[in-house]
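Okay, got some structures for you below.
The following pair of complexes shares a single chain, chain A, combined with chain B in the former and chain C in the latter.
Presenting the complex of A and B:
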């Protein structure tokens, strides 16, 4: 009974109803991220199962550090974008979204370059782990870039300005951070072990 | 837009900058530890700790995971 009364109040108040929808959407997004995270965990576990902790000595360590720093920086600009939108600062938010997209593109370019200069084949043990893990991660980066581009293109005119209206920006930014979290584990797994 | 709103945004941006700097320091520490250490078990342990700390910071401060169980949005 109490729940029904509360529910009807939320419908009577459009803002409360909008926040209610955001809470449901947020839970759905996190459930998706947990299931997607399990996929990445399986990839990481497979890497240790087939190749132990060994890495290829020919890996370009500086390139690995550079693309890792880029992705980290892009997470910060995505955070700045979300914060700006949440405070009605749409112009700054759009600029930060664009910066995030640019750094994401550079990250993908770095991974592509790493693939092109790799001195190991995908058929080798370490190569199987490296190409499958970076490939699956890069696919997520590309989808994140598409989401960011859509949000940037639709964010003119104050569409995502303050309150529950910011949720589309928040959702895409959370997804982008998730991609960063995955790389937080993949970077040492692929580049830094011995 | 009120000055309070601007102040709130500036405070949040500062918090984000602090988190980013912590993440950057941890990444550099990871790299230095990896090129310096020769003991694999110690290296794996330290890298796992650093990655766990970075994951926690991003999840809590950038992804706002606590909003999952908080009743109201606060920006």
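Presenting the complex of A and C:
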């Protein structure tokens, strides 16, 4: 009779219970991302409201393209890390986590460099949009990097190998993809409009 | 004790945060202290110190560094530190917000004292603004969070047959973010207050004194409370239901909490984003709202109302649930049109996100937005009407048991009807142009939120008091509270409609003498309304300490929370409850009992 309804109580089977927890955690994470996504969407919409589709001509397009490519690539290595852990291949998973962290760091460095050479001020409307949107996004990248670093530091000894035990890696990787997807919207919004 | 440690660590965090900032500023040749910037940087660090101190480290974060989390104590002590039991958190929320409710109510009394006569009596204009603003945000915080925080936390897991919420640690975290909100608002008053009410409209909020920054930081924190709570309820209701608890058998309060949570977790970002933009404008020098640079204050109104209109449904949807719950049990009848009510609750969630600009008809926004927002706003009365019909259908020809919770539930129907009908004049552009920013709006809003949600809150509070405290409240004091509050409430707010139609502006410390008679009457009625809460507070304190022991099911109600002892045992249920029928099958021939309490052994088979 309980087929249609999941329930909370301690399952006789600890593995079934662990999977039940993973399902709950996955929903919680997605709800958080939807909520967080609303914040990003509001900032993106505000950009059009105050600055229209104007783009500052001093923007370094090459740098923008480079950091965008890096971030997209890092999503791929994050995915490889998750798959490796799921197959019990901890060593490869750790390498891929490191690669992701490295690319993430380069991305943040790129944004910081872009900020330092920007020829527009935060008090102009385009600057308001640019600095607040990239700033908020970079803040999420940095938190993602922290999560990745924690996962990397704790991943020795096969802690995250296979089954429900992989969930912490999966959670961080989903978060990383989310940050990436946000940038997929932010990049054209800030760099490519005419 | 934990609270003291939390406060000390918060101060340490604040000094450290502002110190590092001050160091950087000094090295750049700026002054050490900048009130706006120092608070913006010091506060988050202080917040972390506070959370560590009250138990977030001992009971949770220590695990991240390979340590072992401590076991929480038993008894009264656990209410004063980090605890992950949903029943403890429910009581923590309840007590905290009742205290905040009484405090904000007290400022309302001061406001009425000031407005008794034309001219200034008690306050300067600045102080009046601060009192009005504190009353506003204090009450909004209470209204948003008390139904879900106190009763959602305590009752929802019990009603669905769960042992706890889906995320107990997040639940504790979200409660312990509440005291900093209250503390920050009080500090804001002490450093000079702020002028912008609870709505914080720019350009004033960008230009005014620094109390505004503390307000923004506090309310952003409060948004986090609301978001984390919303996510927790959604996950709990989806995944933690007992076997047999299908969506069609959920008690209606659970549906109300679910609908309210859907709004809270998604829309709250609007308020947070708007306040963040104000902070950026003030601290970093961006131009979101600087018209001279091309920014637009109207942007804030869009972003703000995108949350703040749905927010009233965060307030009232759980309240609808609680009222229908009380009406069905106290009329001994099945809840009328259950499925339609569920549809209506979800319909309100859907429409609530596309009505916000009806607050902005006089803001100067684009003309073409007026008609669609008028129509969409009026559409929301369709699902709301369904809920009213359900309430009336439920009590129709029932044998009403006129105990205190029932009186409040019936008053809710009356008050919310007045609030709903007067809302039509504010949704219609032609009448709104005249009524905007007058006391008509104040009266309408208080009829919906105070007359609606707060009356529902008291219905819920008296209804679940025996379950939550294990004591029965004093019925006579409860009824005295009800009648004074009900009569006082009508006498305060009905004249406000009239004085509003006559053109008296809201949010002003002084007014022309022509409005004096009205205002004196409103003020005296307000004091009567205030007196009712003395009976309430006395009843709560006396009953909780010395009240008669409550039986498990004083109302003879069918839902699960009443099938366990009052208060419930530590893990809610000894065995596994199994749901076998609807929640309100009073007098239905051959209907199965709502729940069967399984034994511990039966758990294996389900």
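Keep this in mind: the second predicted complex is superposed on the first by the 184 of 194 C-alpha atoms of A that agree within 3 Å, B and C clash if a C-alpha of one lies under 4 Å from a C-alpha of the other, contacts with A are read in each partner's own complex, and residues count from 1 in each chain.
Just so it is clear, contacts are C-beta pairs under 8 Å (C-beta built on N, C-alpha and C of every residue); 3 or more make two chains touch, one makes a residue touch a chain.
If you're wondering where the values come from, they're calculated on a predicted model, not measured in any experiment.
Of the two partner chains placed by superposition, only chain C is touched by A:43; chain B is not. In the superposed model, A:143 makes contact with neither chain B nor chain C. In the superposed pair of complexes, A:27 makes contact with chain B and with chain C alike. When the shared chain is aligned, chain B comes close enough to touch A:174, but chain C does not.
Shared-chain residue A:122: touches chain C; no touch with chain B. For the contact definition in use here, the residues of chain A common to its chain B contact set and its chain C contact set are 27.
Listing the residues of chain B that touch chain A in their complex gives 1, 5-6, 8-9, 12-13, 16-17, 19-20, 23-24, 27, 30-31, 33-35, 37-38, 40, 43-44, 47-48, 50-51, 54-55, 58-59, 61-65, 67-68, 72-73, 75. Those residues of chain A lying in contact with chain B across their complex are 19, 22, 26-27, 30, 53, 61, 65, 68-69, 72-73, 75-76, 78-80, 83-84, 86-89, 163-164, 166, 170, 173-174, 177-178, 180-181, 184-185, 187-188, 191-194. Contacts from chain C toward chain A in the complex involve residues 64, 161-164, 166-167, 170, 227, 230-232, 234-235, 238-246, 265-270, 272-273, 277, 280, 284-288, 290, 293-296, 299, 302-303, 306, 576, 578, 603-604, 606. Residues of chain A touching chain C in their complex: 1-2, 4-10, 12, 20, 23-24, 27-28, 31-32, 34-36, 38-39, 42-43, 46, 49-51, 121-125, 127-128, 131-132, 150.
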